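You will see subunit A twice below: alongside subunit B first, and alongside subunit C after that.
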Partner chain A sequence: MSKNSNVPARSKVLSRRETRTAYLFLLPALVFFIGFVIIPMVLCLITSFFNYTMGDFSFIGIENYVKMFQDDIFLVALKNTILIVVVAVPTVTAFSLWVGASIYNMHAISRSFFRCIFYLPVVTGSVAVSVVWKWMFNKYNGLFNNVLTGMGVIDQKISWLGDERFALWCIIVILFTTSIGQPIVLYVAALGNVDPSQTEAAEVDGATKFQTFWKIKWPAIMPTTLYILIITTINSFQCYALIQLLTSGGPNHSTETIMYYIYYQAFKLNNYGYGNAMGIFLAIIIAIFSAIQLRVGKSDN
Partner chain B sequence: MKKFLALLLTGAMTMSLVACGKQEAAPSNEDANAPAEAPAEEAPAEEPAADDAAAAPADGAVAGDITLWTYPVGKFGDAEAVGELVAAFNQKYPDVNVTVEYLDYQTGDDQVTAAIEAGTTPDLVLEGPERLVANWGAKGKMIDLSDLWDADTTADITANSAAVEAACKSSDGAYYEYPLCMTTHTMCINQELFEEADAMQYINEDRTWTVENFEKALQALKDHGVETTGVVYCGGQGGDQGTRALAMNLYNAQWTDAGHTEWTMNSAEGVKGLQQLKDWVDAGLLSSDAGIVASDEIQLFANETIAMSFCWNAANQLTYAAQTAFTPYAVAFPSEDGVPELCGGIWGFGIFDNGDAAKVDAAKAFIKFVCDDPTQGPESVKLTGFFPVRSSFGNIYEGTEDEERMTVYASFAQWLGDYYNVTLGWAEQRTAWWNLLQQIFGGEDVQTAADNYVNTCNEATTAASN
Partner chain C sequence: MNSGIKTKKTYDVIVMIIMIILAILFAFPLYWIITGSFKDAAAINAAVPEWFPHNPIKDNYVRLMAKPAFKWLFNAVFISVTSMALTCITASMAGYALAKKRFAGQKTLFTLLICAMALPKQVVLVPLLKEMSFLGLHDTMWAVILPTVGWPFGIFLLKQFSEGIPTEMLEAVRIDGAGEIQTFTTMVLPMVKPGIGALAIFTFISTWNDYFLQLIMLNSSDVLTISLGIAKLQAEMSNDFGLIMAGASLGAIPIVAIFLMFQKYFTQGITMGAVKG
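Let's look at the complex of A and B:
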């Protein structure tokens, strides 16, 4: 009897000890997270209600938020940002799934080769990638103009990044190439982990390839798809480095994004409070989009 | 408690998705060669906390650790050259330890802004009045250097150019910059190409030209088969002094009023100049490109893709001498009457108000040594590749291998125009300017676009004045 009563007590102690150990392991990351994310976010929220510049810090309530929606450039930036998200997220996800599905069952060497190719732009870094793309888009001696004029597709050389009609699409193309690496690697891993006995059973039962994919593999990789959707959405909303390096938001604000406009207001004009208000707005938008994706993903699942 | 911790950690993981999104900081497309103008200020000046009135200390009477941040003004971006300068300073002031950090024009302003907000500004900074006076000084972040501007110094500098003293002084009479060097920004042509096209005849001996002759030269180049004569770059603010000077000079417009309180490029002369640029672009005599900035344009010039550059100065000539297979021939910007008004560059030191009088003394001693010492002063100016602000230094390049090159650029000083870069609202103006160019080359009505530009700038100036 005494032996039986000791078991739950010991189990409780063990459990508590394990929990404490787990939290201790997480503590360093938590400290950094609180210091570099939570506290700055709280400060960002607070200062968004202030006229916070290099020479002033006075409470103005929601004036920054009101001003935001009366600011034509911000509205253009919001429109451009949403366009980037709407175009980039589905294309990146679909293309990554297609590539992942094509290469996951290849020989290990071939699979690794393709993974390296697609992952290269991710590890290369935005600055180097932008320099290469900037050269390719160059009006005078860039690759695209040389090829297209050589083939007779265009008569006049085009300033791809300097023309309102093309600039944002050029940014989206670059963003696409730098965004697909991680999803492809994740899809290859996720598809490789799908239980082959289930797909084999489905095939034995007469399921077509499409049915096997849609009924067996797709539900199995749904958590990965959700993660990819959310991370791609966040990255697309935060499109900044490419704009900064390639167009500065031009021509005529046609590539202005919210992240770049936040940088411009905060660092170029020292309107920190206004920049922070836009940052809070962007965070809310990202949270809403992510929540919708999670909800839709869960209901699909 | 457990639930709370679990919730916090879950939140942390979720938020880290947001935080870990790609947010790599990236350099902006600022000037690669010609030093760029600066952001402007938006708040009224505040009284510096430290003792401004203290005179520059006597030799050997100062001690301490000071930090110098330099923008890459000539060899002030070169650690070896600056190291030698600091070593020379330490021979005279052995108890002052100078730590140097090197900024670039891509990220330098962001670093200073972050330092100001974090309270970690350096003691000394090397740059121009746009930043030292009109931005950081006007916002009360700098020490008043009036005590360094004694009567002799002022007389020596104003004998060279009165504009230098005016540029270093704020509207409230405080001096936030102690100047070291100056130059005039010009444009440059490919001499051999111009000769082949028989276009050199349109340039006067003193390297000026009229609008009429400039147009003839463009036509001659086109007739000679030059695909792209020159590019009015407007992809960002890098090197915007070139496009400003081009547009302003064509019909002798003024960028601001004399008091630097209002922007005036929507005047008849300004709009006529802008319209002329658009007409030349429409006629194919010039090109416009919102996809490049000055550094790209200079590179196109250096590799002979285009026949002229609108962003040039003495330092560029030196930098690109080894890269060009032709003779870069500096010329003034064309103007209706052939008398240009060139944009200038003035660089010097400012001291951030860090509330430590001993550091301020040490910083002032450093400034006086670098700028005024009879031996070191001219050497310091040579490091910049520009010209001394002090008339007493004379021709510092005489007898050197740079004499011929610098004599050419010295000849442009006679056309040095108003230093309007100190007008409040400068940062907004810079962005509005290249946007204005993008708009008019994109087909918007020139007068309307110029009016919008001026309104934007004036609003920024008014906001900064309040």
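Let's look at the complex of A and C:
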């Protein structure tokens, strides 16, 4: 502040002019950002305190938030969502690190070949990919049952997506294949940025490959790992498309996730206020998870 | 020493074999959709999977053409191209301002953009739908395009690229008498071109595949995208696997081809976006 008051008047005019130009350049982006990101977020927060349905719009305080924890389906959805996150996030991160490190050492051509292949399920899209998985998991003529009965592992055909014990795990497997593409690309790029003189020095000093990795490369790629953890957490928490396409939350709510339940409450039952309250709750959980990961990641360094 | 090299060699070979097996598994869905679209019902439902179509048929595509499949494809292209163009224009301007201008409220704005990025964007779909109905845009393609353009990822990406422009060069152009707009178009745009390429391809692919947003916003048959069209076929004619796979191929082949053609830019886009994200 005091620095500003010392600046000559002419320069103040200039800086005001620069501010004006800057906002003119920002204007188009801000119109879209405020109009279609900020306004809906604010509306989401406000309406979460209302009993907001087709015919009603009245303030009810935190009642929607209280109702959530008395809603058995919501609690099941919460449990399933957390299970998805707890299983998917570490496996996606560890596996993509392993693949990333392995293909990083390869020839440039094989490296970009594998990078593309692991990205294919993402590019192909959830809808097209789910068509194939639906067939593979099919009870009567699906690939898995044919292979497993053929090998004598199981003697009765399993309805993979129709069985409470397996359905959620099937979803997690598909989610895994559509989630590792981006982390692999990021890890390959991050490993390329590790200062080669440091790893060479360590190897000259007699460090094993394993030691070099943990002592030099792992700390260097930590920011990438954190970023991957956070985006994978956000994506896993929002798992929706696969469930809508494959199980519709069933059987018996065993694949119900918060995101799916929000959609069901808001668009099938028109309970907009209640759906928005669950959305705010989901956003808060994601923020907490991200904050914990950042904290742990920073103290690790 | 020798045995060390030998174990390293063995390890490399094992890794290569595992990678090749994984690659086959990851490429399988796409392979199966495309080959499946040329099979008849008997071949698709065969107890022993027909790994390659023995008698390829085009019947599935004939039945697909009886549906408005090209209309769905056109809609997907329209939504993706429009979102891509608008995102590139708005983000390159905003990214430049954030990187190269000093202005009041800069820090607050930057923090706001970061916070918005960290939030789950699907959460706001319920109020977004209400907003679109209020604006009379629900069930039009704009209901998908406008929120896509609003997402701040592109601003970050092009801020990263704009930071690479030497400030002295900008000043030199200004001293030569160039106005703000001229500086931007003749100086900034050519320098952030790789960033715009990366953002363009990234936006195109992610918009094409944003099934959830399309599902919420689009209902009428004349605005459906190819993703929604396939999902519709899957729901309405779930036993006609050949038809569904033909639809899935029609949706997947263009986007995969675009990805393979521009994958260099695409990779650059997601890595640059992550640095500060």
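By our rule, the second predicted complex is superposed on the first by the 270 of 301 C-alpha atoms of A that agree within 3 Å, B and C clash if a C-alpha of one lies under 4 Å from a C-alpha of the other, contacts with A are read in each partner's own complex, and residues count from 1 in each chain.
We adopt the following convention: a contact is a pair of C-beta atoms (placed from the backbone, for glycine too) under 8 Å apart; a residue touches a chain by one contact, two chains touch by 3 or more.
Everything quoted here is computed from the prediction, not taken from an experiment.
In the superposition on chain A, A:M54 contacts subunit B only, with no contact to subunit C.
In the superposition on chain A, A:Q198 makes contact with neither subunit B nor subunit C.
Of the two partners subunit B and subunit C, more subunit A residues are in touch with C. By the touch criterion defined above, A:V131 reaches subunit C but does not reach subunit B. Of the two partner chains, subunit B is the only one that A:K139 touches; subunit C does not reach it. By the document's definition of touching, neither partner reaches A:T91: not subunit B, not subunit C. Contact with subunit B, but none with subunit C, is seen for A:P251 once the two complexes are overlaid on the shared chain. Using the contact criterion defined above for the overlaid structures, shared-chain residue A:W160 touches subunit B, although it does not reach subunit C. The residues of subunit A shared by its contacts with subunit B and with subunit C are 19, 23, 26, 29-30, 33-34, 36-38, 41, 125-127, 130, 141, 230-231, 234, 237-238, 240-241, 244-245, 259, 267, 272, 283, 286-287, 290.
Of all residues in subunit B, only 2, 5, 8-9, 12, 15-19, 21-29, 39, 41-44, 46, 109-110, 113, 116-117, 139-141, 228, 234-237, 289-292, 300, 305-306, 427-428, 431, 434-435, 438-439, 442 touch subunit A in the complex they form. Those residues of subunit A that touch subunit C in the complex are listed here as 15, 18-19, 21-26, 28-30, 32-41, 43-44, 47, 99, 102-103, 105-106, 112-135, 141, 143, 146, 177, 182, 185-186, 189, 224, 227, 230-231, 234, 237-238, 240-241, 244-245, 259, 262-263, 266-267, 272, 275-276, 279-280, 282-283, 286-287, 290. Listed in rising order, the residues of subunit A touching subunit B in the complex are 19, 23, 26, 29-30, 33-34, 36-38, 41, 53-56, 125-127, 130, 137-141, 159-164, 167, 178, 230-231, 234-235, 237-238, 240-241, 244-248, 250-253, 259, 264, 267-272, 283, 286-287, 290. Remark: subunit C residues 12, 15-16, 19, 22-23, 26-30, 32-33, 36, 44-49, 86, 89-91, 93-94, 96-98, 101-106, 109, 112-113, 116, 118-131, 146-147, 149-152, 155, 180, 184, 205, 208-209, 211-212, 215-216, 227, 230-231, 234, 241, 244-245, 248-249, 251-252, 255-256, 259-260, 263, 267, 270-271, 274, 277 touch subunit A in the complex.
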